[in-house]
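The data blocks that follow each hold one structure.
Okay, so chain A shows up in both of these, paired with chain B first and chain C after.
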Partner chain A sequence: MEKTINVKKIVLQNLVLLGIIVLCIVTAIVEPLFLTQDNFTNILRQFGPLSFAALGMTYVIIGGFIDLSVVGTISLVGVVTLSLIDPIGQAGALFCGLLLGTFLGFLNGVILVKFGAMTQAEVLFITYGMSSIFGAIALIYTNSETEHMSRLSNPYTIFTFIGNGKIGPFTASIILFVIALIIIEWFYRKTLWGRQIALMGGNKTAATLCGYNMKKTLVLVYTICGLFAAMGSIVLISRVTTASPVAGAGYETDAIMSVVVGGTALAGGTGSGIRTVLGVLLIILLSNCMNMLGVSTYLQTIMKGLVLVIAIWLDNRKEQQIH
Partner chain B sequence: MEQKKDLILKVSGVTKRFPGVLALNNVSLEIPKGVVYGIVGENGAGKSTLMKILSGVYEKDAGTIEFDGEIIEHTTPIQALRRGLSIIYQEFNLVNTMTVGENIFLGRFSENGGMKGTHQKARELLDSIGSKIDTYSLVGDLSASEMQMVEITKALSFHSKLIIMDEPSSSLTAEELKKLGDIIVQLRGQGISIIYISHKLDEIFEYCNIVTIMRDGCVIDTKSIEELTRSDMIAKMVGRTIENEYPPRAHFAGEPLLEVRNLNTSKLHNINFTLHKGEILGLVGLVGAGRTEIIRAIYGADKVKSKELIMEGKPVTVNTPRDAKALGMGLVPEDRKQQGLILRFSVGDNITMAALSRIAKRGILNRRKEREIAKRQIENLSIKTPGAATKVLNLSGGNQQKCIVGRWLELDPKILILDEPTRGIDVGAKYEIYVLMNKIVEQGGAIIMISSELPEVLSMSNRVLTICDGRITGEFSPEEVDASVIMDKAIG
Partner chain C sequence: MKKMIALLLATAMVGSLAACGSGSSDTTTEPESSTEASTQTDSTDAAEETTGDDTAASGDAIKIGWIVQDMANESQSYSCRIAEEQAAQLGLDFTYYDQAGDAQKATDAISTCIAQGMDAIIINPADPQAVVPALMEAKDAGIVVGLFSSDLSEENQQYRDFFCGTNDTMAGEEAAQAVIDAFPDGCNVVEIGGQSGHDAQVKRHDGFEKGLEGSNITVLDSQNCDAWATEDAMAIMEDFIVKYGDQIDAVFCHWDNGATGVINALQNANMEDVYIVAVDGCAAGYDQVKAGTQAVCIGQSFSNMVAKSLECAQAAVNGESYEEINWIPLDIVTADNVDSLPYPEW
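Now for the complex of A and B:
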């Protein structure tokens, strides 16, 4: 009796990992090309922009909120960064891009605090509005045209490296991502500020009464999310060597999906960046496998939707088991 | 055999196990028709679990339940209702944005031939218990007592034969309670049985005919009310004798610790008082009189129009709870679940919450110290939990409350503010909280205490302030003044 419960618990807690393994085995059997070096590199390359955006989103969701503005942030940071390479050089542009993303996130946080938006629903709409604003600024800034690195006169070697460079078998973007993951997870688990994020997601009233500043914590999570969206944006423009003012479209849903599929509770309070990495991996593999198996794009979209619905259903079941 | 005919409910050998806990252990009850049947016991004794099994929220693991002569194997809440078993929870199950009539017949409008018939039927039912509530008023606009009437009427609309009332008096005023008493007598007269669950023993003695005492998932004793005394009952509930419900009052002779001057908010008017070292200061008043507002304003949790605080002779500024905590204040809020605990977090995480900022060195946490704190406070307050990693929502109310108190004790607070510290917790845990309070003041701390239970606040406080309509209306020493005089000032 006790043992079956434990097996069930372990399976339930590691459903994503299980899903990934099953997916790999099935695809590998049906399509041996799945296991080739080329495909492996292909999967790692896709790990780029989404994984950064999803990682930032993780801490917003752990804090009990949500951020739809990553779409606008990714678009705006991309076009601004690329356009700055010529006037101020590539290093300066990179730095300004990250700074801009951080500032946009900070701005989101400050606006939410000022407007007293303290529920997930309010935050949903305000960040959606912010996203539209950022996106529209990107369109105005570029005159709705896509910018190309190949037309630049200054060198852009850093970006080429981020986009295509390799260290050993790993792509540069994966290595950057792992470094970022280690730093942010350390911050979340080991520092008081990190803990305050979890307390905020758990019960912000209780945390406030215990003497923690929830307004600052809220600004912090949105700032982190902005910074990570900017990193994602830079990885994106480096990969495709262009910056489109609408490049960010769709990233918010995929990022939220990765977080939830990974097993971070939508209710807030618990979760981790590592879980999100698994979520991202599952989503990338899902589309990779379905591509290999020749599943049509529409059917793929249906599958993706199903995975999200199932993930939220499982999330709710977990919550109910607690109660 | 003959007696069996008159039973509305027969529970035999019901057992329910949750992971790690035996919530009900071979419980048997026999409830005759037309009686008020009291069930008392400390939190965690198994009362709620039993009621949830009866109403179909939980499945039993073993035993039989016979309702109105019929053996019930499986049931769901709606089936139980249709059979004639209603339960009125402490937190009402009403839709605030709908009318009284709609709430009574929620989901059953067509049975009465539409809305008009629904309101007509609702009117008849309300009249039958002598209630004058308009069936067209919104439930959200009603008082707690009126909402309860709506719940009772809803139960009657299902032709209930057994109505379970879980802590029905927790949100009622004395007068409303009397009205509830009248209705209970009337329902009994109609042959309806009532299971009355309450921590308030006075009510049990006033309304109940038979009482079952539960402890640790077992039925300890079932007796008719005449055969029981109050102290018997308490002794059986806690499993030991408690000579006194309150520990002896701690004495104090301290100098001023905190002076509150000129405190004004949108609800409070010119609040001035002084708290002394080693003192327990009680705030007495009706719900909504402004008691909670006063302490929240002092603690920096609410906006104020004006406020001057002088602590140990020096003016201090408290704009946020963070400031208050830095000055050595702690707050145990009135709503344990909404404002105090993070229910999904572990016992340990809930205990260490306030101390984190102190043990963090340059912002870096220390897991080892966190574990030490959790362990220390669990032992210190004898919190009953399988371990620090257990989720706090699995603890009983009393033990949950101790986690919050322990959270502040770890910081050795100079001023501990307790808002309804014993609400919904059982006699044994209450006593432990009282002892803790005395310990805090003996060590030179001071306590501001709010309680709706007058005997409690009068027995524990060195001094009480009466609050009415956002103003302080009097200051008394409870040892010298009669309770009725104090209550008179509090009512205004």
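Now for the complex of A and C:
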């Protein structure tokens, strides 16, 4: 009896992994080309931009909040970074892009604290508003035109490497992502600041009573999210070699979806970046597999929606069954 | 220190809010007011010179309400910008509104135009069906109604005075013809569509399908994107490369900036000799044709489209004759003629 419960528990806890395996097996049977090295590289490349944005989002959600401003951040950081390559060189542009993202995240955090927005609903609307502002600035900045790296006179080799370079079988962006993941997970698990994020998501009142400054933690998670959105944006422009002022559209929902599908509770308090990696993988694989199988775009969108709904339903069931 | 930071942030916020207002607001803001001022001065002499009809008699410039489909869309905001410039040259009183891709906002903008006593409304509707009731009201109020880029369906065409646009179905057909011409012995082509369900995507796809009918060209696969995003086009192309590899001889991508992603994907896979056809005629398309990475760019001339719309609106308001349906010819841009055509500004 004890044994069956354990199996059930393991299955329930690793449903995403199970979903990924089933998806891969089905696709590989129908389309054997799915299992080639080329497709592996493909998936790793497509993994790039979303994985960074979703990782940043993970800690906001663990902290019990949500950030819709990643759309605006990705768009704005992208166009600003690309436009700075000519005047200040590629390394400077890269650094400024990351700095801008971090600042935008910090700005979000400070505004939320100043406005006393401490519930998920308030945060939802304020970050949505911030996203519109960032997005509109991006549109004004570029005259709503797409910028192209091919028109630059300075070299942009760093970006080409980040976007399409490879070390062995791995793409440069995935290596950067793994390094970022290790650092941020260490920070989240091993430092006091990191633990406060989970504490804040679990129970704000208790955390405040324990003497922790929740406002600082809130600013911290949004700053992290801004930085990661900027990294995502840089990987994105490096990959496509263009920066569109509306390039961020859709990233907020995909990022939140990756986090939730990965198994981080929307209510906050628990979760991890590693789970999000699985969530991102499922979303990327879903579109890769559907393209391989020749499924139409409309059906792909339905599938994506279904996965999200089922993930949240299973998440609730899992909670009930484990406890 | 804290106060300083707060003050700084507040200033930045106010600044960004003000900046945002001028970009995507629903009604006229700063840039227009300056244009209005200038139009009013040059409009008086222009109107007096050219016409002796009722408009000139009243001494007012013709008031044009330009309703943009979505200012966040590159080609649409470019059209709006040149419309503003051309209207100033023609001495028209020009105001633009942004429907931000939303049918409800389009209806609101039309109502505002009626209330403001516009002489003509020129609209590129996000949903041509949804604006019909509002356009009926505008017609009742005696306002000239022009459709830009997307036309109303046939049964509703009585509610508009004229239409100017390029034919997206024709663009698809031209793309098919380009592929047929390049591969007289037949070939394999993949199609990467624009935003799934968007009017232009549907028509370009239909035109392409129609154009290929009866030819010996095989369409290996066709997928649409979630948005007009280069990243989407690139990801789909990468998947196609894995699935079909060297079988792919040609690619039809629905828009030039998407073709940039297609080119990147092909270059990463060392497939440099694939024949790429795309629609739009933006600077990126011209650059790619010049660089030899894109074979054909099927260009729509927005400046001709805008000029025709304003010309028709002016004629309609003045009671002069004009064509009801105006298809603006497409430019077929290839390496042979790219240098002789005017370089696009968007």
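Following the convention adopted for this analysis, the second predicted complex is superposed on the first by the 317 of 323 C-alpha atoms of A that agree within 3 Å, B and C clash if a C-alpha of one lies under 4 Å from a C-alpha of the other, contacts with A are read in each partner's own complex, and residues count from 1 in each chain.
Here is the rule we use: a residue touches a chain if its C-beta (ideal position, glycine included) is under 8 Å from a C-beta of that chain, and two chains touch if they have at least 3 such contacts.
On a predicted model such as this, the values are computed, not experimentally measured, just so you know.
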If chain A is used to align the two complexes, do chain B and chain C fit next to each other or clash?
fit
Just to be sure I read the superposition right, which of the two partners does A:G211 touch: chain B = first, chain C = second, or both, or neither?
first
Check the contacts made with chain A and report whether chain B or chain C touches more of its residues.
C
Going by the contact rule set out at the top, does A:G202 touch chain B (first), chain C (second), both, or neither?
first
Would you sort A:A136 into first (chain B), second (chain C), both or neither based on which partner it touches?
second
So in the superposed three-chain picture, is A:M292 touching just chain B, just chain C, both, or none of them (first/second/both/neither)?
second
Rounded to the nearest angstrom, what is the minimum C-alpha distance from chain B to chain C in the superposition?
16
Enumerate the residues of chain A that count as touching chain B in its complex and touching chain C in the other.
none
Residue set of chain C touching chain A in the complex reads 5-6, 9, 12-13, 16-17, 19-20, 22-24, 71-74, 77-78, 81, 193, 196-197, 221, 223-227, 229-231, 234-236, 238-243, 257, 260-261, 264, 268-269, 282-284, 287, 291, 346
For a test of understanding, state which residues of chain B touch chain A in their complex under the given definition.
19, 299, 301, 320-322, 324-326, 331, 333, 338-345, 353-354, 356-357, 360, 363-365, 391, 393, 407
Chain C-touching residues of chain A, taken from the complex the two chains share
31, 33-34, 36, 38-39, 42, 45-46, 49, 107, 110-111, 114, 132-133, 135-137, 139-140, 143-146, 148, 150-151, 164, 236, 239-242, 244-247, 249-250, 287-288, 291-292, 294, 296-298, 301
Give every residue of chain A touching chain B within the complex, in rising order.
5, 190-195, 199, 202-203, 205-213, 267, 269-270, 322-323
